[in-house]
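There are two complexes below, and they share chain A, which is joined by chain B in the first and by chain C in the second.
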Partner chain A sequence: MWDGIIVGGGLAGLLAGIRAAERGKRILMISEGVGSLTYSSGVIDFGNVAQLVRQDKHPYALLGESIVRNGADYFQAHFPDYHGKWREVQTVLTPLGSPRKAGFIPNGLNAQVLHDAHLIVLMAPEGMKDFFPKVTKANLERAYPQCVVKVHPFRLDAFESWHTLGKPVNGMDYTKYWRSASGTGALKGVVNSLNQELDEARSDPADPGKSVVVFPGLASAFSNSIKEVLSDLPFPVVEMTAFPPSASGHKLYDALKETFGALGGELMVGTGVKQVEIQGKRCHKIIVKSKGKDSEFSARSFVLATGGVFGGGIEVTPEASKEMVFGLPLYVPDEWTNSEFLGDQPYARIGIEVDRELRPIDSKLNEVILENVQVIGRMIAHWDPWVEHCGGGVSLASGWFAGETM
Partner chain B sequence: MNEQDRVKNLDACIKCSACTAQCPVATVYPFFPGPKNVGPDAERFRLEGILMNAGCLNYCSNCKTCEITCPSGVKITEIILRAREKAKLAGQKDEAKFQHRVRDLVLGRAEYLGRLGTIWPALTNGLLGVPLVRGLMEQTLGISRQAPLPAYHRKFKGIKKTWHSANKQVVFFPGCFVTYNDSLTGLAVVKVLEHNGYDVIVPAFHCCGVPLQANAHFREARENARENLSLMNPYLQAGIPIITACTSCGLALKEEYPNIDASGAELIGQQSYDLFEFLWKLHERGELREDFQEVLVSLGYHTPCHLKAQGIGTPSVRLLRMIPGVRVNNLDAGCCGLSGSYGYKHEKYELAMQIGNPLFERVQLCVSKGEFQSMTTECGGCQVQIQHGSGVETKHPIWVLMQAYGLAINH
Partner chain C sequence: MTDYQVVIVGGGATGVGILRDLSMRGISALLLEQGDLAHGTSSRFHGLLHSGARYAVKDPVSAAECIDENVILKQIAAHCISDTGGWFVQSSEDAQSYVEQWIRGCAYAHIPIREISLADAYLKEPLMSKDVLRVFEVPDATVDGFKLVWANAKSAKRYGGDYKTYHQVERLILDNKRIVGVAAKNLVNGEEIMVHCEVVVNAGGAWASQIVGTIGVPLDVICDKGTLLAFNQRLFQRVINRLHPPSDGDIFVPHETITILGTTSEIVDSPQENQPREPEVKRLLAMGEKLLPNLMGHRVIRAFAGVRPLHREDSEVPGSVEEGREVSRTFVLIDHEVHDGVEGLISIVGGKFTTYRLMAEKVSDWVAEKLGNTAPCSTAKENLMSEIPQDLRKQALRLLPCVAAEKMLERLGDDAEEVLTKIMDDPRKGQMLCECEMVSVAEVEKVASDEDSHHLADIRRKTRLGMGTCQGAFCTYRVLPLLGLENKKFDPLQDELKRFINQRWKGIRPVLWGQQLRETELTRAIYASILQLNENPG
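Up next is the complex of A and B:
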């Protein structure tokens, strides 16, 4: 018998698992795949909290501002590699080099320093996939008109075979390499030779002054060896977010998993829930699709964190939408779409309606459907991460709350 | 899967590249385009009759990381294995040298090698320890001279004893590693099961077929499965569980054997258990002996890829943590690289070491920080490779249970 079973291993599920395990609960987490954090930039957005806590039925409004803040504080206390302050806006670079606002960010991504820079050196790793130095340079020049932007191409022996083949090197492969023992050595070499060049430039009377290095394909968060190399440098290094699959998102996933595991939590990846057993208003067992046969796991409480439509927690067909684990009723707007592509898309608000304890409710009868099940993250109805920019905040707040109360 | 389900499964791929980003081979080897490309992408061409270079497909190490990574449930490794078989049936000449084909024939036959090696284990081990012999093996067979070939022991034959008719019974499928290289672990498994009131039956099984499949001998792999199933069938019909302590054999029993056209195939998936999955089930039913003695040990744990693929979690970690004094650090640092016989091949040895490097570095770091002194993992191949790559002793978790029960092997 487990104290809690969490179905879904994304940001919300993992944070719930970490908090519950930290409280001494025996937690099993079941995840279909590696979760959407590997697609994410690793940046955590909160949106306009003051406004959203007043928005009818929004998860922030159900939980209240103090819980939203608790989730954020809890995350930050456990992951000091993240930078940010409650209700303070940070700046990061998009994969194309334009600045954007953000909530909590991996330390290395902080682009604030670019405001005071005079020279931006844009590192251009040879053949890096989904990195466009010319576009990035143009965007940096547009955003920071006081700066001269210089592109600094470099090439590594480790990827010679890739270059010979004419095959692009995935940004994640660059990140993995920098983190290995030989990669850290190579990184020292790359930044040292850059430093020498900058030294020469500094003695030049035409020197533009303060330099900042922008470095795609590098993720220093959760890597002491990379942080050490960077801390010795006389210039700041700003990392970039990346297109999926993204190293920063992936490293956040790894760090969450590691914390959960270190607290005694067990994560099962690559399998899903086939069936649940319910008695009255309580779920007591889930049946998992293992190879060969099904495995049964009993628990006192359950958390549904299966990631909405894009996480596979909700299946949408032209006829209907369906919640895939418990078969819970969904809030579905009358009109699903809006002709304005980047505008408010009503389907984004599809989800399960919950009470203040995050238990699923039948909103017509105003009755709790399952008393020992909590719904978190993207599965909750009535919010839109793309328009409201609150995806990270909802996941942290609801995840922390479930971990705290399950 | 029938043809319609296959195409549907193929269509589930949303081209997100999560599998390729996680693929241990693609990360270190640019000539392997990654699971998405050789799997679902190339499958569309294969459906149109356009086959790709089989040599490239052979770089898939069959670790199944892509399958458990895929958020859309695409059976990527299965697609790749099927493509390898299709290429073979089509008589497609891969660029592999004759030498490699002979080598794959040899490495696929872990069972024959084992029988040969255990005739006079000391002699075999002595010979395998001679650099000149390994040099010759590399030149003639393409088996890397640096690869950590496991030593041979006296062959495991189970334990002869009089059975109590009142006892419950289980069948133990030892697998080639236990049978030929690590008979003591086999005896330990039997001891622990007996300690819990089971009579352990060990029929003269053949290799499960995984090494054959991995070395492109698909027909022979199925033949082995059929022979094993016929040995298992009477027990399966009697409702007796089949237990294995090898995670790759376990995956084969659960994933491949149910598709074999033989009687017993309809039962094998339901009735086969990983050893610790079985012990955990006993625990949940209140049937496991839990009179554990304190064992003061800190261990690092490595989850074998083929255990991950079984979708049963890590029952050994759960069980070891129930023993007073035992501390287990589940490293979750990726594939060890060996993948059965993959890392023994001279053209793949370096790759296998690079694949396992993050794990080895992690193990060494933890040991140097004093977090633990030794490693534990169920898979024999992983044990050998982790020891080789990190220099840290690695054993099957059953040994911790032996200590906790105060059991020993009598020689």
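Up next is the complex of A and C:
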């Protein structure tokens, strides 16, 4: 008998697991896949908290501002590789080199220094997929008009055979290489030669001074070896966020998993929960199909963190929408879409309606459906991360709260 | 003084067919198109090269026209056509009496048909409903509308024909009841131009009445909207028609790796009303189920709609105005001198994609006679595309994966050489920018730099970029830098990107469920969150 079983191991589920395990609970987490963090840039946004806590039915409104803040503080205390302050807006560079707003960001991505820079050196790793030096340069010039932007191309022996074949090297490949022993050496070489070049420029009396290096495909957070190389440099290095898949997001996923495991949490990845056993208003057991045979797990309480439509927790067909684990009723908006793709899209608010304890409710009867189940992250109804920019924030707040109370 | 003997308004299949025909007869002609070529119905249709069998009972004239043209086009436009063959399938709900009539109709129109045993049929099309009584094979085929339109334009150009895209004809110019030219606006830079000519051909499709309306000439064109669904797989290997009186959702047409199911029929007020709607989608799915059970379980990647121009005078059957499908699908030529006393103006209305060449021939005969030109029509005899040189094909196969190479050669013909040179200079440009449709970086670069590419949508039509299963989430991002390099030609990038995404969204909205919905979440995450193209109040 487990104290708690968490179904779904994305950002929300993992944070819930970490908090609960830290409280001494025996937690089992079962996850079909690895969640959406590897697609995301690793940045955690909170959105306009003051406004969203007043928005009818929004998860922030149910939880209240202090819980949203607790989630954020808790995350930050455990992951010092992240930078940010409650209610402060950070700036990072998009994969196209434009500045964007952000909440908490992996160390190394902070683009604030660019405001005082006079020279930006844009590192251009040869043949890096989905990185476009010319466009990035133009966007940097537009955003920081006081700067001269120079592109600094380089190529590595390690990828020579890839280049000859015309095979793409993506940001994840570069990051992986930089983290290896030989890669760290190569990184030193690359930044040293850059440093020499900048030195020469600095001795030039016409040199404007303050230089900043912009570096795609690096991901120094959670890597001591890379941090060490960068710390010796006489100029700041600003990493760019990545187009999916993103090393920064992936590293956060790894770090969350590691923390959960270190606290004694048990994680099963690769199997999905297909069936549950319910008596009255309580769930007792879940059944997992793995390698052709069924295994059962019992627990006192359960957390549903299956990631909504994108995570696989909700399936929509032309006839019906379905929550896949407990068969819980869903809020489904009447109007499904709007013409402006990046504007408000009603469909995105699909999810499970919950009470202030995050337990699923029947909103017509105003009754809790399952007393020992909590719903977190993207499974909750009535929010749209893509217009409210609060994807990470809702996952942290609801995850922390479930971990605290289960 | 005239600039051209003839101005053609409209760059759909009909317009470019006329341009080619006139140019081959040595008549100087200019075609003006308000969008990109095939921006109207000619890229928003089913892509079926009719055998005529669908019209065998109700419309024998159309049926006979179709089978003749079917044979001709398979010859002269082989690179745009996939000769899949087609079946007519009688389900248990379909009347035997209709089948008998249909067999007689096909014989009358000289459409070859052959009955196939059910055992053989299920072997060849395992997904087909088990509720089938009889199956007949006909010479249906599939056609890539966009390719065919461009092939005509390029062929016309070789004979001296001219065309200008993004030129909207605003007014016809009259001198004492005689047409002397047109006034048009360049929609890219706003410039107004005037073109003098002796004859104007109105090939504006569903827009035809608006064009002659500029000089107060009435032309009654009914706009009949048809919605189509694209599935992400090749569900059938050949065209599958239901053997019953033509109705909604009764034809499946396979194209490369997808299948298109259609269509519906609804009278609308203007050709702009081409937004597919959810009820139409559901109706199509319900009807399609009759031929392919569990159709809902297959993934729809988009819905789209086109507007058929039907000539009202054909529709004297009572009630037929409400029911677009009842109107004859054959075409009419309207000499406005005879009808309205305006000399030098002819409108061509109705017809089908399949009969575009025949329509062009009839129009060109009329024009030639008017201008005293006696050269006969030769469009049925000469291939649209010159043969691709062997060494070019070999080179393509060396530099690109086999399927990608063939697709590119079909899309570009001789122009492929430029793309291959780019790849030789820099092998990375051989990488697939659009992994779904196999379009290389070099090809997109070439097409983006074409003089007549002004929008991302033009590049999409020319390359099929963004038409695959990822909905353009990835390739749209990847095409940006290439547009960025084409200085000043494309709008500020972010606007262009938003417009493009919204256009694609139009076709996705009515089919937003299942895998499609997941892709939508990812696409919105990428563009709103990672690239932050929308407002972030945070």
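Convention: the second predicted complex is superposed on the first by the 406 of 406 C-alpha atoms of A that agree within 3 Å, B and C clash if a C-alpha of one lies under 4 Å from a C-alpha of the other, contacts with A are read in each partner's own complex, and residues count from 1 in each chain.
Convention: a contact is a pair of C-beta atoms (placed from the backbone, for glycine too) under 8 Å apart; a residue touches a chain by one contact, two chains touch by 3 or more.
Keep in mind the model is a prediction, meaning the values are calculated, not measured.
Trainee: Is the arrangement of chain B and chain C around the shared chain A a clash or a fit after superposition?
Mentor: Superposition check on chain A shows chain B and chain C fit without a clash.
Trainee: Thinking of the overlay built on chain A, is A:K289 touched by chain B (first), by chain C (second), by both, or by neither?
Mentor: first
Trainee: Just chain B (first), just chain C (second), both, or neither: which does A:R300 touch?
Mentor: A:R300 sits against neither chain B nor chain C.
Trainee: Please work out whether A:V135 is in contact with chain B alone, chain C alone, both, or neither, and reply first, second, both or neither.
Mentor: second
Trainee: Contacts for A:P244 in the overlay, against chain B (first) and chain C (second): which applies, first, second, both or neither?
Mentor: A:P244: touches chain B and chain C.
Trainee: For A:H389, select first, second, both or neither according to whether it touches chain B, chain C, the two together, or no partner.
Mentor: So A:H389 only meets chain C here.
Trainee: Between chain B and chain C, whom does A:G270 touch in the aligned arrangement: first, second, both, or neither?
Mentor: In the superposed model, A:G270 contacts chain B only, not chain C.
Trainee: Looking at A:M172, would you say it contacts chain B, chain C, both, or neither? Reply first, second, both or neither.
Mentor: After superposing on A, A:M172 lies in contact with chain B but is clear of chain C.
Trainee: Once both structures sit on chain A, report the angle chain B, chain A, chain C from C-alpha centres, rounded to the nearest 10 degrees.
Mentor: 90
Trainee: Taking the superposition on A as described, I'd like to know which of chain B and chain C A:R359 touches: first, second, both or neither.
Mentor: So A:R359 meets neither chain B nor chain C here.
Trainee: If you stack the two complexes on chain A, which partner ends up touching A:G35: first (chain B), second (chain C), both, or neither?
Mentor: A:G35 contacts chain B only, not chain C.
Trainee: Can you give the closest approach of chain B to chain C, taken over C-alpha atoms and in whole Å, for the superposition?
Mentor: 7
Trainee: Considering only the contact definition stated at the top, list the common interface residues of chain A for chain B and chain C.
Mentor: In chain A, positions 36, 39, 165, 244 sit in both the chain B and chain C interfaces.
Trainee: How about chain B: which of its residues touch chain A in the complex?
Mentor: So the residues of chain B in touch with chain A come to 16-18, 20-22, 27, 30-31, 67-73, 251, 253-255, 258, 268-272, 277, 284, 308-314, 317-318, 321, 329-330, 332, 357-358, 361.
Trainee: Show me the residue ranges of chain C that touch chain A in the complex, using the header's touch definition.
Mentor: Touching chain A: residues 278, 281-282, 285, 296, 427-431, 477-478, 480-481, 484-485, 493, 498, 501-502, 505-506, 509, 512-514, 517-518, 520-534, 536-538 of chain C.
Trainee: If we count contacts the way the header does, which residues on chain A are in touch with chain C in the complex?
Mentor: Residue positions touching the partner: 36, 39-41, 45-48, 51, 89, 94-96, 98, 100-103, 127, 130, 132, 134-135, 138, 163-166, 168, 241, 243-244, 308-310, 315-319, 336-337, 339-343, 345, 347-348, 385-387, 389-391.
Trainee: Give every residue of chain A touching chain B within the complex, in rising order.
Mentor: 1, 28, 32-36, 38-39, 159, 161-162, 165, 167, 170, 172-173, 176, 179-181, 244-245, 250, 257-258, 261-262, 264, 266-272, 288-293, 295, 311-312
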